[in-house]
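Two complexes, one shared chain (chain A), two partners (chain B, chain C).
For the complex of A and B:
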């Protein structure tokens, strides 16, 4: 292991403690977000995912005031918001979006107050940037075990509901007729979503966590034909973007001495690139099938 | 299930949605392998009746007797997203154990069962395509296979012929009749347009005014029977080998429904 530390810039990368923590927590967040994000996009709940992520920011802000682990803050607020949105039992899409909007507004308002109090009462000047846009190289190592437990819980919940969730994505009635417990499944999914956005908020910040949740899944869904391949591709994109973003941010210290660029920026940009690439592949595929000669329609 | 055994039996079933009584004293019985069409105007309670049989909504009175085991169901108006990464094959496989928690390992027996269903509904050709990109008729075949893969003794279909062209409608009806025999399943199918169904149905359940009459087509689609059911006079006319039901009596709630949907054209088998 020590020999890796002598490999120039990248040697320092592998042996740097904050980088290792960022790779572990970021990797876990990317994995969970890819898995949970896929079902979220398929269920057309991207707005709910975005809202939960933003609302979790209020919890992150509160953690600075209370002096607790920020992950617990993000998680507590996201879980509470998911509970309100899910227990309201709104099935109609328009009503669901309205309720999500109301919860989002309330959460952001609360976050604004708590961030103000962080700065004025606790004198934590960097809280706003950390909560909203993330600061992966400042994540304390003590968070790693908690983050891994949260990640394992989210992945376990997702594996548990994988099949009935797919059927209820096709049609709620179809799932009910088969005997699926659709309310229970929706609640478990909402809690898995809360866990995923909390981890994402810890890494890329509450505002940008939507990118980690939705981006890899949306890119994978453009090209994959099977649930398993969509899942694998989303995980691959999420991990590549997160670890690639961490590596680029680390390298940016050498491009702009003393002023490294934010990890979140690189992660989000890599996700956007992956999405554009997947769109191009999907367009090329549909274009080539559209221009294929039609047998039986040719003149003889 | 033996022939003559009830696949579903309703005894004076009443269902109220909110304050509105939708079904009142609906009774009929469907035997194994029988093919039954559920007819009625828009808003007559066809979907409510199917949902009550499925247990989605409670009944206020009466009882519904069902066979043990699975019930196959094809719901009304499913919009399958073309972006869903589910092939026709995957949707049918989900019919086997899609309600169960947890993941599963690939199994040869399972793959064989799915392949059999693909063949049975004539979907092998598009088995690998995303289900959301298939035509309406192809999607109905896949949903039918999804409903039948557990070999249910009762198959409920809610307006499966809606939005299909004439050719696809005829294909699906013929397929349903064949599969009903092959799988030994009783079929209860709600439909707005009865024309393509009457040549193959064993029975009709006609819903109006919250009540139902059931029997063979030529027993049910008669002026005196339907007039009694609607609560006012309706004419049942035979025109060029087709039966046409026309509203004629006093204005009532069911009359309004019939006027929104003024003419049922029914071909006598």
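For the complex of A and C:
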């Protein structure tokens, strides 16, 4: 591994400990987010995913106060919010939208309080930036194993429910007729969403993790014709944007001397570019041939 | 609590609450909670850009709010609505992080913009807020009827000669306007608590749309006044109390059996 340290001026990139940690944790987060994000976009739960991410920020802020591993803070709060939203489950779409909004507002209020207490009680001043916008190069290496276990758990849960979840997303009645336990599947999906979102919150920050969750999946759904290819494309976009973003941020230290540009900025911009490119491709294609079958379930 | 330096806070909060209540009624009726969250939060890099260029924060915020309306409107055409809001929000925030990083003003100003700072309001800011609030309320009054009709049944509205796309644009515009004013006061993250909680609770108290709007404004005022009082006593951030109180409002509305959809009512 150390032999690549001598590769030109990017050599230092691969041998830099913070960069290696960022590549590992970011890659895991991108992978999980792409997989979970696909069903999230198809189930029209983008707002719920975003709300969970923001609310998990309160957990991240609490971890400074309690002195625990921030990943557990993010995870605990995201799981609690997912639990509240599943527990108060409402059928009507309007009501679900409002409930999500209210949980989001309350969670952000809590985040405001906890960050304030971080500043006054613990004298941690940079917590707001770290929690909300992430700082990948300062992730402690001790988090890597835990983060990879969380990623594996979320992937396992998604794989377990992939087919029945897809069917129940397209038609709840069909899923019921096939004997799927729709309620249980929805709960497992909500928990996988909480895991994915907390990982993303660790890397790009609580309020930017929506990009990692929604962007690659929404871009893939615009062009892919089959679930498997959508999955592959979403994973590809997510990983490329994350690793590309880390590389660009590393390079940016040379652009503005002494001050690097934030990693989160590059990752989000790469994802948005991928989405715009995908919509352009989809628009050109819809002029010539039939639209992708998966986009049929996007618009009702 | 009512001393001179708190007076501005009370006045500005009252103005913002009235505007947020009026707009919140339509946010609830049109199921636009995500847009109501994305527009104020997406306006926050405007403040960073303004401070980089050395102009008044308000213009930066208003500029980015307008940009948000255009971006969401454009992205909505390509895909679905919540994806459009999510992508706009993410790109605006990423830009904000970059601008703040480059301008070198970090932690404290971010916290103020996101969660609000009621104590640092001067007379000029108060005048701007009053102007924007008045404009918001006037615009709401102007389009209220077609907007409500469109929210309840877009078929009915288009039969009555309203253009759905134009109405959506106007609605997003009003949303942006009312949020830009509120950002420095309750903060970007919590403007929308004021819009969603009180207005959804108001549905439980009355069946009539306009009465519901009035109740929403009333609950907004009660929320914001209690939040300031509690924040003054405890020294905790106002945003926390706004979020918690509006969640309580929502819960109270639900308990009162208030899931009466407006659609069944009109």
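Methods note: the second predicted complex is superposed on the first by the 288 of 300 C-alpha atoms of A that agree within 3 Å, B and C clash if a C-alpha of one lies under 4 Å from a C-alpha of the other, contacts with A are read in each partner's own complex, and residues count from 1 in each chain.
In this section, contacts are C-beta pairs under 8 Å (C-beta built on N, C-alpha and C of every residue); 3 or more make two chains touch, one makes a residue touch a chain.
Everything quoted here is computed from the prediction, not taken from an experiment.
Enquirer: Clash or fit: chain B against chain C, after overlaying the two structures on chain A?
Expert: Here the two partners, once superposed via chain A, fit next to each other without clashing.
Enquirer: After lining up the shared chain so the two structures overlap, which partner does A:98 touch, if you call chain B first and chain C second: first, second, both or neither?
Expert: The second partner, chain C, only.
Enquirer: For A:274 in the superposed arrangement: first (chain B), second (chain C), both or neither?
Expert: It touches nothing on chain B or chain C.
Enquirer: One more residue to check, A:53. First (chain B), second (chain C), both or neither?
Expert: After superposing on A, A:53 lies clear of both chain B and chain C.
Enquirer: Looking at the overlay, does A:147 come into contact with chain B only (first), chain C only (second), both, or neither?
Expert: Neither partner.
Enquirer: Of chain B and chain C, which one touches more residues of chain A?
Expert: C
Enquirer: Applying the document's definition of touch, where does A:175 land relative to chain B and chain C: first, second, both, or neither?
Expert: A:175: touches chain B, not chain C.
Enquirer: Looking at A:229 after the superposition, I want to know if it touches chain B, chain C, both of them or none. Which is it: first, second, both, neither?
Expert: In the superposition, A:229 touches chain B alone.
Enquirer: Contacts for A:166 in the overlay, against chain B (first) and chain C (second): which applies, first, second, both or neither?
Expert: In the superposed model, A:166 contacts chain B only, not chain C.
Enquirer: How far apart, in Å, are the nearest Cα atoms of chain B and chain C after the overlay?
Expert: 8
Enquirer: Residues on chain A in contact with chain B in one complex and with chain C in the other?
Expert: 44, 222
Enquirer: Give every residue of chain A touching chain B within the complex, in rising order.
Expert: Within the complex, chain A touches chain B at residues 42, 44, 159-164, 166-167, 169-171, 173-180, 220-222, 224-227, 229-230.
Enquirer: With touch defined as at the start, can you tell me which chain C residues reach chain A in the complex?
Expert: My answer: residues 28, 31, 33-34, 36-37, 41, 78-80, 82-83, 85-87, 89-91, 93-95, 97-98, 101-102, 106-108, 110-111, 114-115, 187, 189-190, 192-193, 196-197, 200, 236-237, 239-244, 246-247, 250, 259, 261.
Enquirer: Under the touch definition given earlier, write down the residues of chain B that touch chain A in their complex.
Expert: Listed in rising order, the residues are 54, 56, 70-73, 75, 78, 80-81, 83-87, 90-91, 94-95, 97-104, 128, 130, 143, 146, 156.
Enquirer: Note which residues of chain A are touching chain C in the complex, please.
Expert: Per the touch definition, chain A meets chain C at residues 41, 44, 46-47, 50, 54, 90, 92-95, 97-113, 115-116, 119, 125-126, 128-129, 132-133, 207-208, 210-211, 214-215, 218, 222, 256, 259, 261-262, 264-265, 267-269, 271-272, 275, 279, 282-283, 298-299.
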